Each structure stands twice: as C-alpha cells, then as structure tokens.
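In the two complexes below, chain A is the common chain; its partner is chain B in one and chain C in the other.
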Partner chain A sequence: MNFSNQNLWFLFTLGDTEIYITETILATWIVMAVLILFAVFVRLRLRSFKRVPTGFQNIIETLIEMMQGFVKDNLDEDMERHGGFFFGLFVFILTSNYSGMFGLRPPTSDLATTGALAMMVFVMIHGMGIARQKGKYIKSYIEPAFLFLPINIIGELAKPLSLAFRLFGNILSGVIIATMIYNMLPIVFRFLLPDVAHVYFDILVGALQAYVFTVLSMTFVMQKSTDIFS
Partner chain B sequence: MDPKAFVLGLSALSAGICTLSGLGSGYGQGLAAGQAAEAVGRQPEARGAIMSTMLIGCALAETCSIYGMIVALILLMANPFMVFFN
Partner chain C sequence: MFPIMPALLAASDLPPGSILHFDSALLIQMGIQVLNIAVLVFLLSWLLYKPLVKFLDARTERIRNEMEAVRTDRNEALELKERYNTLLAGIETEREEVLHQAYKKAMERSDQMLFDARREAELIFERSLQELDVEKKSQEEELKRQVVEVSVLLASKIIEVNMDRDAHDRLFDEAMAEWRES
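Here is the complex of A and B:
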C-alpha cells in the first residue's frame, strides 16, 4: 500500500538532487490542459453568441453570473475587477480535487501545489494592502498598540500557512482513505463499493474546500485592504 | 530490545495520540451546526447566508485537527526520529 507521490520519468540532476516528473506534475498538466481547452472552446463559440441566450450560451452566462454574485458578496466595488483571479483559483482547485475521480492523483494533495496557491494569495493580500491603504498599511501592524507588532507579524505569516495546510490535509486524507479502501477490498468489489468514499471525499469535501479556500482568501484580502479601525 | 524498534513503536503510538486533536474540532463543529440549525429555525429566509457562514466557521475549526493529522502523517511516513541511528 503506497499513497506517496511517485516519480514517473527521470529528467536531470541538479547538483546532488535528481529532478523527476512526478505524478503531481502530470496531473497538474492534465488539469491545465482541460481548463485551457475549455477556455479556448468558449472563446471560439463567443462569436456565435446572441442577445437572447440559448443552449450552450446559457451555461456560460450562468457561470459568469455566479462568479459575479460570488465576488459582489465578498469584495467591495473597487475590487470587483480582481474577481477573475479568485474565480481562476476556485476553478483550478475544484478541477484538481475532482481529478481524483478519474484515476489521477489530485494535484492539491501535494503540499507544493497548495503552498504555491497560498503564496499567490499572500502576494495578493499584501500587494492590495499596500496599493489601497498606503501609510495605513504599515500602521495596521502596530494596532491597537506597538506591543502587538510581533503578534501581528506572526498572524500574517500564519494565514497562508493555514490556507495551504487546510486544503492539503483535507484532500490528502481523502486520497489515503480511498487507497486504503481499494487495497482492503478484493478486486471483484472494487467497482461499486468505493463509490461511497468518492462521493464524500471527492465531490463533497472537494467542492467545500475549493469554496472555503476562495472565500477565505477573499476575506483576508478585504481585511488587509480596508481600514477596519475606522 | 532493538532501539530502532522502540523508536518506531513509540512513533506509531504518538501518531495515534495525534488523532485526539479531532476531539476539539469535532465538538466545535457540532456546536456550530447546532446553532446554525437553531438560527435557520428562527429565520428560515436567511438560510443561504447562515449556511455559508457556518461552512466557513466549520472549515476554520477543522484546521487544528488537520494540523494533528499532518503531525501524525509525518511521524508515520517520514520517521523523523530515525536520523539519530544513521
């Protein structure tokens, strides 16, 4: 029974470390290919869209309206143009979590992927904070008193860490439990019985964690870019 | 006794103890869900807002037990205490 990240193809050595194409990289490429192909397909169909939507156009417009409502609920007016970033995060995490159902190892069950996503959110939080708050951004570290400076800095560093670990832990636990169930059952029963675990760990937890990651990153960005003490 | 076996056994035992971190977050999530059910019963039209707030709160409460799980996984998979024998 093995549920760690497997090395697939050897690439080259860098100093003493050997660089491999791992399962995570392959799964990320497949997820990226699916998303990019879908985007290109929608872009090509965009020319034949009409004023009154029918069929395929309905689905796309529903998706875009969902995204705009989602962004409007959590961000303020100025930030609405950054909705695409958060929607991209949401779609990528959701597709990665669901890729576990197609026999891939979900890219989000690797700490490197979730860490990269959390670093992006970290840059977004502080970039938007500096751009919108300017002097008040530095002042927000010594609120309510100067004594709170180390606590505030630790709090800022803990945000991306907890975002990364939450997503990683939830998806990895699903992967481990699914692997254990598959190894426990004889081959004859492997077709129907593990579906229960997939419904819970991939469909329910996957969607919930994608939602939670996006909404929490929106909340963190808003928290740092608006003055909560005024 | 072989000291390696002793360290490995205690690592497995402590990984089991790490899962006790689920106690607190389970209690907290149950509390949040109960309060949310009460709130929906009192004001059924605010169901969507209550649900999304509860889900965010539950996910935040879950973080501590996820930390416990990660420590347990490190103890089981990476065997950090075996470096003293090389």
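Here is the complex of A and C:
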C-alpha cells in the first residue's frame, strides 16, 4: 500500500530542490479543467436561462443561492462583493474532495493544496483587515492589553494553520482508509464494498469539510475586518 | 480512492513521493497551488458566480418592482372600487328620490285630471240642465200659444160670431195674459 503523493514528471530544480509534477498538481489541473469547462458551459447557458427556473437552471441557482446564503450569513453588506472568492474556494474544495470517487488523489489530501488555500485566506483576512480597519488593525494586536501581543500573533498564525491541517487531515484520512479498503478486498469486491467508505469519506466528510473551511474563512475575514473592541 | 495514476506510472523511475514533508519543495508546490487556485477562483468568480448573482439580483429586482406595481395597482383598484361604491350608493339614493318625485308628480297629475274631468262633467251636466230648462220653457210657451190659438178658433166657431182681426188679437192677448197669470 502506498499512500504517498507520487511524483509524476520532473519539472525543474530550484537550488537543491527538485520540483515535480505530483499527483496532487495533476489532479488539481484536472479539477480546474472540469470546473472551468463547467463554468464556461453555464456561462453560455445563462443567456437561455428562464425567469421560472427548471431542471439544470434549478441546480445552478440552488448552488449560487446557497453560496449567497453563506455570504449573507457570515459577511456584512460591504464584504458581500467578495462572495466570488469564497464561492471559488468552496467549489474547488468540494470538487477536490469528491475527485477521489473518480480515481484521482484528492488535491486536498496534500498539505501543499490546503496550505495554499489557507495562505490565500490568510492574505484575505489581513488584506481586508488593513483595508477596512486601517490604524485599528495594528491596534487589534495589542487588545485588550499590550501583553496580549504574542498571543494575538500566535492566534492569527494559528488560524490558517488550523484551516490547512483540518482539511488536509480529514481528507488524507479518508484517502488512507479508502486505499486500505481497496487493498484489503479481493479485486472482485472492489467495485461494491468501498462504496460505503466513499459515501462517508468523500460525500459526507468532503461536503462538511468544504463547508467548514469556507464558513470559517468567512468568519475569520469578518472578525479581522470588524473592530470588535469598539 | 481508486488509484489509477500510480498504476499508470508504476514503471516510472522518479523518486517516490511522500504523504507529508516539511521542506522547500512543499513551499514551492504550495506556490504552484496558490497560482492554480487563484486562477481557478478568478475564473469561477468571473465566469460563474458574478454573472449568476447579477442574473438572480436582476430577477429579484424585477419581481420586486412587479410586486410593487401590483401592490400600487391593487391600491388604485381598491380606491376606484370604493369611489364607485360611493357613487353607486349616491345613484341609488338619487334614483329613489327621482322615482319618489315622479310618483308624487304622477299622483298629483292624476288627481288634477280626475278633478278636471269631474268638473267638466259637472259643467256639461249643468249646461244640459240649463238647455233642458230653456227648451222646456220654450216648449211650454209654444204649447200655450197653440192651445190659445186652438181655443180662440174653437171659441170663434162656437159663438159663431164674426170677429175682426182686432177682436181676435185682443181676445188672444187676454187669454195669454190669463194663462200666464195662472
């Protein structure tokens, strides 16, 4: 059994470090391609969308309205214009988590992906904090007293780390368990019995973790963009 | 996961990967993933999220406007209905008043006609009585004259006296005077 993220192609050497196209990166590109094609398809279909939705239009509208619901619940009116960022994160994480069902190694089972996601959220949190709070942003690190500066800094660093490791751990554990089940079973049973594991680890945990990551990201961004001490 | 890619690349001579590694390769791969995800997030937001949100917002706005228009129209219709009901109530009162006046006028007219007819009848009756009285008197006069004339003739025959015209007229006048006195 091999749970590791395999190197597929050599890319370049940077210093002493050899960089490869890994399973994760290839899976990410596949997920990206699928999502971009889907987005283009929906964008083209949008012209024929009717006033009263039916069929495919219903599914798309439900997805967008669900995301708008998340955005409205967790962000204020001024921040709602950044809903597209969180929508992108949610859709990517969800599709990545579900990609395991189609024979790919989920990109979110690699710390490079979840770390990248967390890094983007980290930039968003502090970018929005500085843009909206201005001077109060710096002050927020010494609230409620200067003594809390180290704790506040650790707290801010812990947010993206917790986001990254939570998602990585949950999805990787699903990958490991699913791989173990596949390897334990005789070949003839590999097409039926692992379905239970897929339903739980890919569908339920996948959706839950995508939701948790997105909603926590929104909450962290909102927290840092609001002067909670005033 | 159904591992298809390792199976396809099993013969590769590349170094094996790892589950978790904290080194510079992780940072570079993280950078590649940041680029990948940033591009994807931008495209999904640009191609999918924003146009759909715009579409949904426009539809919501259109429905809100239509609801507002419907609400305004409904209020206007209610106002009109109330106005028409008031007018109808006024018309009903006016109709009753007109009918009452017409009835009253008709009754007055009817009474007047009856009164006129009765008076006319009375006049006709009175005139007839007067005419009858005049006729009666005239007939009586004629009858008296003829009786006198016959009497004179009879008397003249009876007494067999030749009587001239003057005597005849005198006797006639005397007889008439007696008749009248009687």
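In this text, the second predicted complex is superposed on the first by the 222 of 230 C-alpha atoms of A that agree within 3 Å, B and C clash if a C-alpha of one lies under 4 Å from a C-alpha of the other, contacts with A are read in each partner's own complex, and residues count from 1 in each chain.
Just so it is clear, a residue touches a chain if its C-beta (ideal position, glycine included) is under 8 Å from a C-beta of that chain, and two chains touch if they have at least 3 such contacts.
Given the structure is predicted, the values throughout are model-derived calculations rather than measurements.
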Fit-or-clash call for chain B and chain C when the two complexes are aligned on chain A: fit
Touched partner set for A:215, first chain B, second chain C, both or neither: first
Chain B versus chain C as contact partner of A:88, first or second or both or neither: second
Included angle at chain A between vectors to chain C and chain B, based on C-alpha centres and rounded to the nearest 10 degrees: 120
Contacts of A:32 with chain B and chain C, given as first, second, both or neither: second
First, second, both or neither for A:14, with chain B first and chain C second: second
Contacts of A:130 with chain B and chain C, given as first, second, both or neither: neither
First, second, both or neither for A:116, with chain B first and chain C second: second
Touched partner set for A:46, first chain B, second chain C, both or neither: second
Residue contacts with chain A in the superposition, chain B compared against chain C: C
First, second, both or neither for A:172, with chain B first and chain C second: both
First (chain B), second (chain C), both or neither touched by A:205: neither
Least Cα gap, in Å, left between chain B and chain C after the two complexes are fitted on chain A: 7
Footprint overlap on chain A, comparing chain B with chain C: 4, 172
Residues of chain A that touch chain C when the two form their complex: 2-10, 14-20, 22-29, 32, 35-36, 38-40, 42-43, 46, 49, 51, 60-61, 64-65, 67-68, 83-85, 87-89, 91-92, 100, 103-107, 110-113, 115-117, 119-120, 172, 175, 178-179, 182, 190, 194
Residues of chain B defined as touching chain A within the complex: 52, 55-56, 59-60, 62-63, 66-67, 69-70, 73, 77
Contact footprint of chain B on chain A as seen in their complex: 4, 162, 165-166, 168-170, 172-173, 208-209, 211-212, 215-216, 219
In the complex, chain C residues that touch chain A: 1-6, 9, 12, 14-20, 23-26, 28-34, 36-53, 55-56, 59
